[in-house]
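One structure below.
Letters A, B and C mark the chains as written, and numbering starts fresh at 1 in each.
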Amino acid sequence: MVVDRRARIGLRVLALAYLAALLLVPVGVVFYRTFEHGLGTVWESITTPAAIHAFWLTVRIALIAVPLNTVLGVVTALALVRGRFRGKAVLHAVIDLPFAISPVVIGLALVLVYGRTGWFGGWLADHGVQVIFAVPGMVLATIFVCLPFVVREVEPVLREVGDEQEQAAATLGASRWQTFARVTLPAIRYGIAYGVVLSTARAIGEFGAVSVVSGKIAGQTDTLTLLVENRFQNFDVAGAYAASALLALIALLTLLVMTGLRPRRDQS
Amino acid sequence: MIAVNDVTKRFGDFQALDGVSIRVEDGSLTALLGPSGSGKSTLLRVIAGLEAPDEGTVEIAGRDATAVPAQKRGIGFVFQHYAAFKHMTVRENVAFGLRVRKRPKAEIAAKVSELLRIVGLDGYQSRYPAQLSGGQRQRMALARALAVEPEVLLLDEPFGALDANVRAELREWLRRLHDEVRVTTVLVTHDQEEAMEVADRIVVLNHGRVEQEGAPRELYERPANPFVMGFLGPVSRLGDTLVRPHDLRVHTEPRDGALEAQIARVVHLGFEVRVELELDGGEPLSVQLTRDEAAELELGAGDIVWVARPGVGDASVRTLAA
Amino acid sequence: MTARQAVAALKLTLLLSILVAAINAVAGTLVAWVLVRDRFRGRALVNALIDLPFALPTIVAGITLLALYGPNGPVGVNVVGTRWAIAMALLFVTLPFVVRSVQPVLMELDREMEEAAVSLGAGSLTVFRRIVLPNLVPAILSGAALGFARAVGEFGSVVLIAGNLPFKTEVASVFIFGRIESDAVTSAAAVSVVLLALSLLVLLAIRALGRLGHGR
C-alpha cells in the first residue's frame, strides 16, 4: 500500500509529536532541571551517605535477585518447552502473574505471609529472622516482580532453536549435562542475556512492592527508588531530581544494551 | 492493446529491466517467459502499476497509463501465492472490487454467484481461504480479479505454488476460460511447457531484455539465439552447432557425414527413448528417438553407432551456431 | 466510610484504565505503523526509545511527568492533583504494550493482500480499513488488554502526581497502600482481591484471544 506523501508525513509528525510529548520532553526536562544548578550540586546530592547507602542496597538486592531469577527462569523455560507434564497452562499463568498484580498487592501479600502476624511470621520471628521491614523481604519482593522476564525471553528462543541439535548431541554420546552446557546454553545465550538485562532494569526500578515491604526506615531500607520518593516528600526536590537522573541514566544504558542485544536474540 | 515502450527499472544496483518494449494484442494470451531474475515479474508489475518504471512509458487501450495509479488502470492481478483476503469469506473476497466501486448489493450478489459458477467454486461462498486447497484459492483469486471486468488480466506465476497435477489441470482450465471470456491476458511463467501450451504469443526475457517474441511454434523451431533455443526445449551440441536431440539420426552403419559414437546408456522414458552417447573425443551427446525407432535399431549400451547431423539443405530442421 | 472510599478508588481506576487502553489502541497503532512502514532519519532511535517506559523506574516516570506538567513546569500547565495527571502517567507507562504487540504483526503482513486490493481499485484508506486493520485487531486488543492490566495496578508513577485526594484522585493501588500504612490490612486485602481478579480475568481473555487467532 503506497500512502501518498502528504499523508505519510502527516502520520509521521503526529506519531513523533505524541512520543515527544509523552516520552522525550519530560525526560529531557528532568535532565535539564537536574543539571540546571551545575554538576557540583548534583554530585553532592548523589554522594550523601543516604544516597550511597541506597545505591549499594539497590545493587545488593539486584545481585541476589537477578542470578537467582536467571537460573530459575532457564529451568522453567526448559520445563515448559522440553518437558512433558500436565498443567503447563497453569505454570504459564503463574509466570504471567507478576505482570497482572499491582506491586502494592505483591507487597501486601508478602506482609500477610511473612509479616509478624502472618502465616510464617511467627515461626520466623521465633528463629530470629525478620523478613518484612527488612532487606530479606525486599529481596523476595524483587525476585517476584522479576520472575517472568528471563522465562519469557528464553522460552521462544528455545522453541525456535528446536531440539534436533540436542538429539544429535545425544546420538554422539553426550550426557544430559554436557548437552545442556555445550549445545543448549550457547544456542539460547542471547535470549538469556536479554532476559537478564530486563530483569536487572526491573530489579533496580522496583518501587511499589519494596515500598510496602521496607517499612521506610530511612538510611537502612531505602533503595534508590525509595530515596527518590523520600526526598520528594521531604521537599528536597533537587535531591529527588538528582537521584532520578541517576536512575534515568541507568535506564538509558539498559535501553542501549537491549537495542544492541535484540538483533542477536532475534537471529537465533 | 498494451504497449510497453523502452521501459527501464533498477532496484538499487540490480538492473531488472533494460529498455524493454513489447506489444500485446487485444484479446490475446501472451506469456512472459524467462528464468528467475529475468525481469518478467517486474515487467508485469510495471504494466499493472504496482511498480513505476525509471524510464519509458506504458500504454493501455491507447492511453498513456504511466502516471496512472494501479487502482485506476482497470487491470486484474493474480498473485503466485494467491494474496487471498484471509479474514474474508470467498464471497466477500470475490465481491471486494465491486464493493469498492459501490455497486448495488443485488448486482454484486448476482455477479459473485455467476463468477463462482464459472470457476467451479459454487457452494464455497461462505468458506474462508484457509479452508480451501491451493488450486481452489487460485481459482477464487481469478474470480476476484475478473469480477471488476478488467480490460487486462495479469497473472504472476499463478500456478507456481501448486502441485504438478493441479498445475496441469489449471493450465488447461485457464486456456478454456480465456477462450470463453476473451480478456487480454498476460501470464508470467518460468515453465516453458506452460507457456507453449497456453499462450498465443510468447515473449522470452533474459537479464531484463527481450530475447525474442512470437508464436510458440516459431520460437521453438526458429530460435533467434542459443539462449532461446536452450530455454524452450532440449538442446544437443554437436561440435559447434546446436541441434534438437530429436532431429539427430542414428545409423548402425557408417554413413557419409555421420560421426562415430559409442552408446553409454539407453534410457526408456515411456514413449521416448533417450540415447546417451560418447563421441570420439569423449564429449557426451544426447539423441532422442521414438520407442519404435529405438526398437527397430535394437540399440544397447556399448554399441558403436553413427550419428548424422541433419542435412544442410534440410529446411525442416533448424540448427544454430553455438 | 472506607467502603465507599474503596469503591470510589476502584471506579476511578477502572475508568481511567479503560480510557487509557482506548487511547493506546489508537496511538499505539499509529506509532507502530509509522515505525514499520515509514522511513526517516532516526527511526531506529525512536524504535529503541519505545521501551523507555519498561526500563525506567515508575517513580522516576512520575517525577519526570511532574517536572514537565507540574508546578514550575516549562510548559506552564499544572496538572498535579487532576485526573488528567493520572491518565498521563498511565499513558506513559503503558505506551510500549500496543506498539510492541502490533509491530511484528504489521511486519509479517502479506503485502500482496494490499496490492491485490489496490489492483481491484481500492484507495489507501479503504485498503487500511478493510484489509490491514482487520488483521491487526487481535494484536491491538491483546496489547491494549496487557496495558489495561498494568494500568489497573500502577502505583509508582501515579503516587506523586495524582495528589491522592480520596474520592477525587485516589486510585485503587494508592488506597491499598494507605490502608496498609494504617494497619487496616483487611480492607487493603479486600480491594487487592478485586484488583487481582480483574487482572487475571483480562490475562485469561488475552490467552483465549491468542488461541482464537491461531484457530483461523
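Throughout what follows, a contact is a pair of C-beta atoms (placed from the backbone, for glycine too) under 8 Å apart; a residue touches a chain by one contact, two chains touch by 3 or more.
Because the structure is a prediction, the values reported are computed rather than measured.
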A correct list of chains touching both subunit A and subunit C reads none
Find the chain most remote from subunit C, comparing centres computed as mean CA coordinates.
B
Going by C-alpha centres, which chain is most central here?
C
Using the average of all C-alpha atoms in each chain as its centre, how far is it in Å between subunit A and subunit C?
19
For subunit A and subunit B, let me know how many angstrom lie between their CA-based centres, rounded off.
58
Report, in whole Å, the distance between the mean C-alpha point of subunit B and the mean C-alpha point of subunit C.
53
List, in ascending order, every residue of subunit C touching at least 2 other chains.
115, 117-118
Which residues, counting only subunit C, touch subunit B once they are in their complex?
110, 112-113, 115-123, 126, 130-131, 134-135, 216
In the complex, subunit C residues that touch subunit A:
27, 30-31, 33-35, 37-38, 40, 44, 46, 48-60, 63-65, 67-69, 73-74, 88, 91-92, 95, 111, 114-115, 117-118, 124, 127-128, 132, 146, 149-150, 152-156, 159-160, 172-173, 176-177, 180, 185, 188-189, 192, 195-196, 199-200, 202-204, 207
Which residues, counting only subunit B, touch subunit C once they are in their complex?
48, 50, 69-72, 75-77, 79, 81, 83-87, 96-97, 100-101, 128, 130, 141, 144-145, 148
Under the definition above, what is the set of subunit A residues touching subunit C in their complex?
1-4, 7-8, 11-12, 14-16, 18-19, 22-27, 29-30, 33, 92-93, 96, 99-105, 107-109, 111-112, 198, 201, 204-208, 211-212, 224-225, 228-229, 232, 240-241, 244, 247-248, 251-252, 254-256, 258-259
